[in-house]
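Below are structures written as structure tokens.
Each of the two complexes below includes chain A, the first together with chain B, the second together with chain C.
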Partner chain A sequence: MIDSLYIAWRYVSYNWVRSLTLVACITLIAVLPLSLELLLDESERQLLSRAESTPLVVGAKGSSLDLVMSSLYFGKTLPELISMADAERVIKTGLAQPLPLYVRFKARGAPVVGATLDYFDFRGLHIAQGRNLALLGECVLGARVAENFGLNPGDALLSSPESLFDLAGVYPLKMQVVGILEPAHSADDLAVFVDLKTAWIIQGLVHGHEELVNVTDPTLVMDRSNGNVTATAKLTHYTQITPENIDSFHFHGDPADYPITAVIALPYDDKSSAILRGRFVAGEQPRQIEVPGEVIEGLLANIFRIKSVLDAVILVVGLATVLALVLVFALSLRLRQREIQTIFKLGCSRLTIARFLGAEIVIILAASALLTLLLLGVVERYDEPLVRTLFIR
Partner chain B sequence: MIQIHGLNFTYPGGTFHLQIPNFQVQRGEKLAVIGPSGSGKTTLLNLVSGIVTPELGEIEAAGTTVSALSDAERRDFRIRNIGFVFQDFELLDYLNVLDNILHPYRISRALRLDSGVRERAALLAGQMDIGDKLKRRTDDLSQGEKQRVAICRALLPGPRLLLADEATGNLDPRNKGRILDLLFDAVDAHGATLLAVTHDHELLPRFDRVVDFADFQQTAAA
Partner chain C sequence: MHYAKQLPCLRITLLLLTLVFAPTAIAADKLKVYTVNYPLAYFTERIAGEQAEVVFPAPPDVDPAFWMPDTDTIIAYQRADLIVINGANYAKWISKVSLPRLRMVDTSRPFADRFLQQQATSHSHGTGGDHSHSGTAFTTWLDPGQAVQQAEVIAAALTRKRTAAKQLFETNLEELKSNLLALDERLARVTTSAADSPILASHPVYQYLARRYGLNLRSVMWEPDEVPDESQWAEFVKILEEHPAKWMLWEAEPASESVERLRSLGVESIVFDPCGNRPESGDFLSVMLKNAASLEDVSR
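Our next item is the complex of A and B:
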């Protein structure tokens, strides 16, 4: 057997282009369905575990999927905005605890999640390094974000402008990293958490600047009347919150009108959940209240329907590949007829000849299996970020 | 060394029929077999080596009645007793020179490959002036060198009978003479017998005896 393998190995390595092509074909056809299976299992795990632990989500009417994906997985699609008044409305029902979320901005590509400290308790997020949010302009990083960006408590992180072409837009805010979260193996690992007010600062709704009453530069003041001072556009807003300027930050308008993307509602019991859902359905406000588990199950049902079609396609392609491989081996056998005839003349039995050819197939299949395992290992190692990149955006 | 009596052979389908009433080759003899194409020269080699079997008659080679052996016994007989040298060398391009020479040991359990065999292979290659090319691919060799590798492969198991089928057919005149010298030297050194099919009449005077296959009765069916 060792001789068969040796001769087969010599043949396979001499005809390396053919061999590599065969290995690549077999590997691809094996890796594709298996890695898809792995990724779908992981996506199901990620999506369902988080969805099932989130009882209700309130948001603007529109795509329930966009709302859930934004609120639970901080997806890229921004749902219609609601306001803090909606969170107040949940409180007033006395049926649930509201967790307002504002998931709109990004910092170096990572979603900036404006939330209250209750969110950390709700998700069971713990600080691994540093401390939790305490002051305006501070941020706490998910474990993966901190690792990817190489940031530690004490470092700074700039928010990204919403649009590169918005020249009149708000300047990026230089946030102070005060804490790193323990890995949660969820979307929280990839997020930058800030207080809601800090999120509004990023938007420019809350801002800080030089005290206008004391301003002496006439080019900074447009009008002074009845104790009111109107500044010109030359007045610059602070882009970093420091102990010296923190007191200058202030709201304009009614904080109840300030925007958020969703409210996670935590009903006190099943009855409260049912009543709350009923009230939002019957309400006049253009709001929706969704059970994330149901939305995600609907999404998964669609994914698995698509997967079954994909499985059928892969099966057909696999079958075609196997036929092509059989053809390649058959043609190879025909090309080697003279060689086979020669070794038969020398005294080799037909069984030994079959063993040589079998050893070649074994080597090709073993190399393919090894490569398949290697690739599946890589997919399994990176399935979490892969799922986030491919399925949860 | 070879004795054939009352041989009758027909290829499957009856396209070719060969009759050899009596044919003998002495031990150590260097015999050339000539004859027109299709006269059955190569068939003779196949019959003597047991690759094909006759319907009638008896073939005895190297003290064994080949025609009475089973398939497996004929294979063992062939690899132990017969060395083949082909016109197109029939070397394996995916093996290096040494592996080509050792090939018979890897394709049959009748021969055992050990360090002694490897040493003998290297020695034989040295005698054939290809000792420095053992690790080379056969693609890189000249025609003459390829035929030397083929001769080494044929001689290594120590055959008692060397069958050469147009062994010099693909060589230039200078190489023809040298290869024939090597073959003759090897046959003498190993105490073997040479049965060589050839079309090259210039080489015939160097053989001990020449048999013209036109003397035997062949029938080529339409």
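Our next item is the complex of A and C:
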């Protein structure tokens, strides 16, 4: 048997181009579906683990997927806005604690996530460099955002205007980077975190400007009556918050009406969760409540339907390749007819010749299997970052 | 035999170790509670007893309502187990900083629908810069009934954090409530005779006191340590014509010159300290009892 393998190895290594082509074909056919399976399993795990660790999400009625993707993965689609009053409603039920989120703005393409400090506790996010948010106008960066932008605590980051054509819109806010988060291997790594109030400053709802009572420039004042001063549009709002001007920042209107995109509700127990969901389903609350795990499972079910189509395609291609391989071996036997005759004339039996040819196939298949295992090992080793790069951006 | 000799030494070592490390262990086990004013710190100390370390970090010479903590103090607030706030727009710095909302306890939430509003007035205290008294009146604890409700909210929050000490918190709360209700009774008694009489206040901080006891109160914008200028006196005389008060409430001991001039106009000065910050001596209750005694003195 060793002799047969030796002769087969000599043949395979002599015809190395043909052998390598065969090994590559077989390896690809094996690696493609298996690595796809691995990556899909990992993406399912990543998507589900974040979704399952988020008990409930409350938002405006509409697409539940948009709501969950925006709240959990800071997706690009902006769900319809709700208000802080909805967060208050959740707390008033006495069934859950609310984590309001405002995911609307961007800074250099990264989502700006307006949240309260409780969000950091909830997700177990820790500061790697600098400190946490303390004052208005500050931001904390996810690990990958900091790396991609090359920013450190003490640097500044400008919010992006919502629309390039919104010339009369609010000025971009120059935020001070005060901290960088430890890598969380989740969507949090790709976000810029600010206090909710800072998000409202970016929108222009909370702003700071020169004290109107003290303004001497008449072009800045439209009307002074009954103790009220109405400013003209010429009055400049501060675009950076400093210790000198922070006192001038103020809210207009009722903070309960201030916008947010969603509320993550943290029920006290399973019973509270069920009762809270029941109240939304019964229409007692004007919003929708979603269990992110269920929404993401629905999404994954769709992905797996697509995967089964993909599997069928791979199966057909695989069959075609196997047939091609059989053809290659058959043709190669025909081409080697004279060589086989010579071996026969040298005194080898037909069984010995069959053993030589079988050993060649075994060597090719073994090399393919080895390469497949190696490649699958690499995919498994790097499946987390691969999934985040390829699927969860 | 050898081990028997070593045993007392071992016991002494263990005892010493226990004595050294036990206080640390107890301190680490205490809830850390930060408050935004002294009355809330006092209520929390009374209710929590040894179960909490209560911190009210404002310096003694500032008005906590208009104080702005530095970054280190804000971070200390963020690390607390509970942050007890007054609500009613008290401590405006809260709206300018990031604090964990789920650990904040708004003590005036139960009576938020009964907040009083006041007209915009702004003024400065020495070099402290301008501050405004516009919007919601915030010295909520001057109505002892409201103070009781605030204390109840604190007790509930402490119980949520430390269920095991529920009984202790309830007992302490009841004791505090009885003190506050006794104070309420005493203030009600002393103000009965003055219910319709016009009274003046040096600062617009007594709105809830006036509402609780039906006082006919009007405020000016004077500081106890500053003697009003002539224009302020002229304005005061005009106010006095419309509102012929015989008493004027002050937040702290007023300048003797102000007291004399007020007396010449037929107005007696009474110190009624709202006690927003930690008093130099005594505590919240003793200050409030002193306030009640001052009222009793002039009403005789």
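Note that the second predicted complex is superposed on the first by the 270 of 393 C-alpha atoms of A that agree within 3 Å, B and C clash if a C-alpha of one lies under 4 Å from a C-alpha of the other, contacts with A are read in each partner's own complex, and residues count from 1 in each chain.
Everything that follows uses one rule, which is that a residue touches a chain if its C-beta (ideal position, glycine included) is under 8 Å from a C-beta of that chain, and two chains touch if they have at least 3 such contacts.
Quantities reported herein were computed from a predicted structural model and do not represent experimental measurements.
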Partner chain in contact with A:Asp3 - chain B first, chain C second, else both or neither: first
First, second, both or neither for A:Gly347, with chain B first and chain C second: first
Shared contact residues on chain A - chain B and chain C: none
Residue ranges of chain C touching chain A (in the complex, touch as defined): 68, 71, 74-75, 78, 95-103, 119-120, 122
Contacting residues of chain B [partner chain A, same complex]: 46, 49, 51, 72, 75-76, 78-80, 82, 84, 86, 90, 92-95, 99, 103-104, 106-108, 110, 113
Of all residues in chain A, those that touch chain B in their complex: 3, 6-7, 10-11, 13-15, 338-339, 342-349, 352
Chain A residues touching chain C - in the complex, by the definition given at the top: 97, 99, 116-118, 121, 131-136, 138, 195, 197, 213, 227, 246-247, 249, 251
